[in-house]
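In the two assemblies presented below, chain A is common to both, partnered first by chain B and then by chain C.
Let's look at the complex of A and B:
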């Protein structure tokens, strides 16, 4: 039986229609607005001026770099903590059940609350300084500091449980016999990790890295509360352009650039994992 | 001498005794099967030899060297898993080379050895495939090749054939035996399949509830089992209680079975179904309750008093007696008595 073209389109309508209506359409409208042909704000006719301003103004260029900085660094910090944590959690230890419940707490804490927690703990005169003061120790500047350490702490704190969960799942799905077989063939525990477990968990690890990276790219609450006065991430400039300057063309151009960065990372991810799929045979049991 | 000596091995998991005082000597080049029902401790014994499970006490020596305290990677023992445990992200050749790479063998020698063992298992041209591209039987052979590539003094096989279908299992069983003979590698094979154990092993170690029940050649264990457990676990058997009276063994239904040995009182006989003869007779003590045609054989279920017996006959002349036929029973001249703990 062959399905007629019309039937096929009708069958595709709910899924594809949903994507077009709620994802494609807003993105297309944003793109049009950023090119001066928007329905929001003034319609100037086709222009690249918003993009020109975005890339020529050093304030916005710094914004792009800063947005990348607060995406890359927290992602790397999270990975550095989550990977060993996920490996540790594969083993049995007393109190594991309690720990498994507690470590996921940051998952349900909104970003803005996380930012306030970091502020209360690490700001000058915060809880940590009070605890450390009698010991004669003092904290470096962690809130609104030049290196955005507070932003990194808050974003990483949010992402670590999420990453641990995904990487832990990937590690747990590797049959234990593989590690045991490698051991009997002469591999040490560390070699088993590098040569067997890590390659087999890599699809899970890259997925976790990607999701955390994209999540941090658009972070707004955390850098606005804990970040330095300058530079600011693109997400904040976007808000200012739209709501304070009523420049929707510029704001949407920034949104398009942020989306493009996320898409580029996604493409790199697909390239990497399809390469890996080729190497691992496309399927990891 | 690449023999294996296991002395007083014991392992408990909480209150459960998995293995109690297990001792065994496997001679160089010998093929020994650990046979028993699931949960009898045979896999635990194997895992303790491989170093995956730590024994509570006991000694394990391979080729004269004590290994029970060594890490698994230092033991140099080949292990074939029931699941094969092939590394899915490595080609067949890389899988087979893994143990050699861990030993720091030069690349040229590794390539030669990999080619050699893959040829042994008839997979010479499959080196560049991935495990998932192979059939179950081929994966099993890769697992075997990977284990023997390191030339271990002792090879452990954990139910290596149980994931294969019946025909392929027989084929691989024969291949496995031929390869083991050719390499002369000392082998311990864990299985719950009595026909597999009998077909492969020089000696079978029958295990139950964490302990060795009996050790012997397949023939000896089948024909003259010392215990009821062995008699019943290796194939089917009829256990017949007999009273000794005036130097004769008398069956519960009064039939004289033969001359009694010096013992008196109650004895237990093990009569294999193929040794039990049936002949239809109006005044027979037995009643045929069920007939099953099995192709090569015909099986009759016979009730005598409260005993239920099984008789099998084979060949073209095998009579098929319908249910309800009264039969007399005949026994072989050479009756086998169970020696130990034969209480039902």
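Let's look at the complex of A and C:
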């Protein structure tokens, strides 16, 4: 059956139209505003001054670096916990059903609530400090600290169940026959994991990593409450530029840079999965 | 009849007629608000007679409250207002102040009427809102019959920005130094900048300074330090409201700020910089700090709600400390102007100004208010001592200087390892 070009376009219209209207158009408007030609704020005519300010001001440059830091580190921490957890959850163990329900709890907790939980538990004089004090123990500084440990804890706590779900799904889709066959041929459990399961689950793992990374890039509430007073992530400077200085040109330039970082990671993801696709003869896609 | 008697009679006649002058728009030949009310003919003498029937006819006034903890206060104020003016109801909304300002700007740019008739707004957003033309150019500093005695700086300046009276100073607050009397008995607290530094060095991490770029008590502390440490020549420009942004940046880049930054460099390793006003107070609650920078009204409110111990007291530095406030304005696109003006007038009245002081520790810009009526023992214990407030409270310096100074603070103090 052949479909006419017009019919095809009509069929595509709802999906493509939605993307253009709610993603493409706002992004295009933001880009135009960042170049001084937008409808938000003062129309200055074409200018690169907002980008120049963003990259020439050391405070904003530190903001970009810090945004990357609080995206990469919580993602790696989440991966380090989620991967073994997802593997463990493939096996049967007593209480698995209850655990499967409980570990997903952070998924329904908003980021700002997660930040308050970490603050109440780990701030100076918080609950953990009070518990440990009679034992003569004390916590390192976890809130407003230079390494942003509190931020990392809160963001990773939110991301681990999400990542585990995606990786668990990828692992579950691998035929068990493969692992069993490898085992009968003498491969250890660890070898099966490294040589068979991990490569086959890699598309799911990279997707999870990508989504967590992108989600953390724009984190606002968590670093605002738990982070050091300097540096601040670009999301906080963006809010300040837009809402306190009414400088939408600078704010949208920051938004475009954050989006560009996310897009760059997306491209790396496609590059990675494309490489895997070729390496495995198209099986993993 | 003696000359003295004649002069007295003339003075009395002038005084009786003084409030009855008509009002002029602020900064323009015409009012920027569309209304059927003849604003140029309105006087304080005709204020209620003209506006009350129109407000009743409109029926509703949409009111935005940007505050985080004034919901109960406004519930009571609105209850009293609606009882005083039957037929006029207040449609109350608690909003995020910065976002509401953007909403008003967007409505104006779209040619739409304002979604709100009266907005109690954050002082830091007055410049943005006024420069975007969303504030009605009504001379609120002179046109409200209930508030003839406003402190003129408070009534015409918001966070160092001169608005010339288009924002009514509904709420005044004061930055202060708080201390926990369980560990710092009254009388032994640090009272000046040198004493604070000495205390911080002797008690590392027991003093919290709010981030000057994030919380008003921090930027107020920075301004107070500037007032205390800048030389006389440098201080000459701190209340020069004609200062341009470039001039403010030049001032902050000059040696004028050096003694302040030198002070902060010494302070930095021994204090905790916090992420906001509440963050500082939370450390008091956790018993982790003994001294911190605060807003007086927040201390009052937090003690009242049991969020910090009653042992926390606030005082002003002997060098003087800056205070400020958040005002209410009527947007240029407001559609219920009569009711908005009546409600504004009520907010500034003796009754409400005293009530909010007793309930929220919110100071007043009214200079002839008999505040002794509101100062019961519980109120007094939660406020800065009145004698200190009367003698040591200072207005905030020019806002552009503060911003430029805060920017230099970030690069030279916070960025430095």
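Throughout what follows, the second predicted complex is superposed on the first by the 272 of 285 C-alpha atoms of A that agree within 3 Å, B and C clash if a C-alpha of one lies under 4 Å from a C-alpha of the other, contacts with A are read in each partner's own complex, and residues count from 1 in each chain.
We adopt the following convention: a contact is a pair of C-beta atoms (placed from the backbone, for glycine too) under 8 Å apart; a residue touches a chain by one contact, two chains touch by 3 or more.
All of these numbers come straight from a predicted model, not from anything done at the bench.
Colleague: Quick check on the superposition: with chain A as the shared anchor, is it clash or fit for chain B versus chain C?
Modeller: Taken together on chain A, chain C would fit alongside chain B, as the superposition shows.
Colleague: Now for A:177: first (chain B), second (chain C), both, or neither, which partner does it touch?
Modeller: Only chain B; A:177 stays clear of chain C.
Colleague: Quick one: classify A:200 as touching chain B (first), chain C (second), both or neither.
Modeller: The answer is first: A:200 touches chain B but not chain C.
Colleague: Quick one: classify A:242 as touching chain B (first), chain C (second), both or neither.
Modeller: A:242: touches chain C, not chain B.
Colleague: Name the contact category of A:186: first (chain B only), second (chain C only), both, or neither.
Modeller: first
Colleague: Looking at the superposed set of three chains, what is the minimum CA distance between chain B and chain C in Å?
Modeller: Least C-alpha distance after superposition: 50 Å.
Colleague: Provide the residue numbers of chain B that touch chain A in the complex, in ascending order.
Modeller: Touching chain A: residues 50-52, 71-73, 75-79, 81, 83, 85-89, 98-99, 102-103, 130-133, 146, 150 of chain B.
Colleague: In their shared complex, at which residues does chain A touch chain C?
Modeller: Where chain A meets chain C, its residues are 58-59, 62, 119, 123-126, 129, 144, 224-225, 227, 229-230, 242-246.
Colleague: What residues on chain A touch chain B, complex-wise?
Modeller: Within the complex, chain A contacts chain B at residues 175, 177-178, 180-188, 191, 196, 199-200, 279-281, 283-285.
Colleague: Give every residue of chain C touching chain A within the complex, in rising order.
Modeller: 98-99, 101-102, 105, 124-125, 128, 131-132, 211, 213-214, 272-275, 279, 282-283, 285-288, 407, 410-411, 414-415
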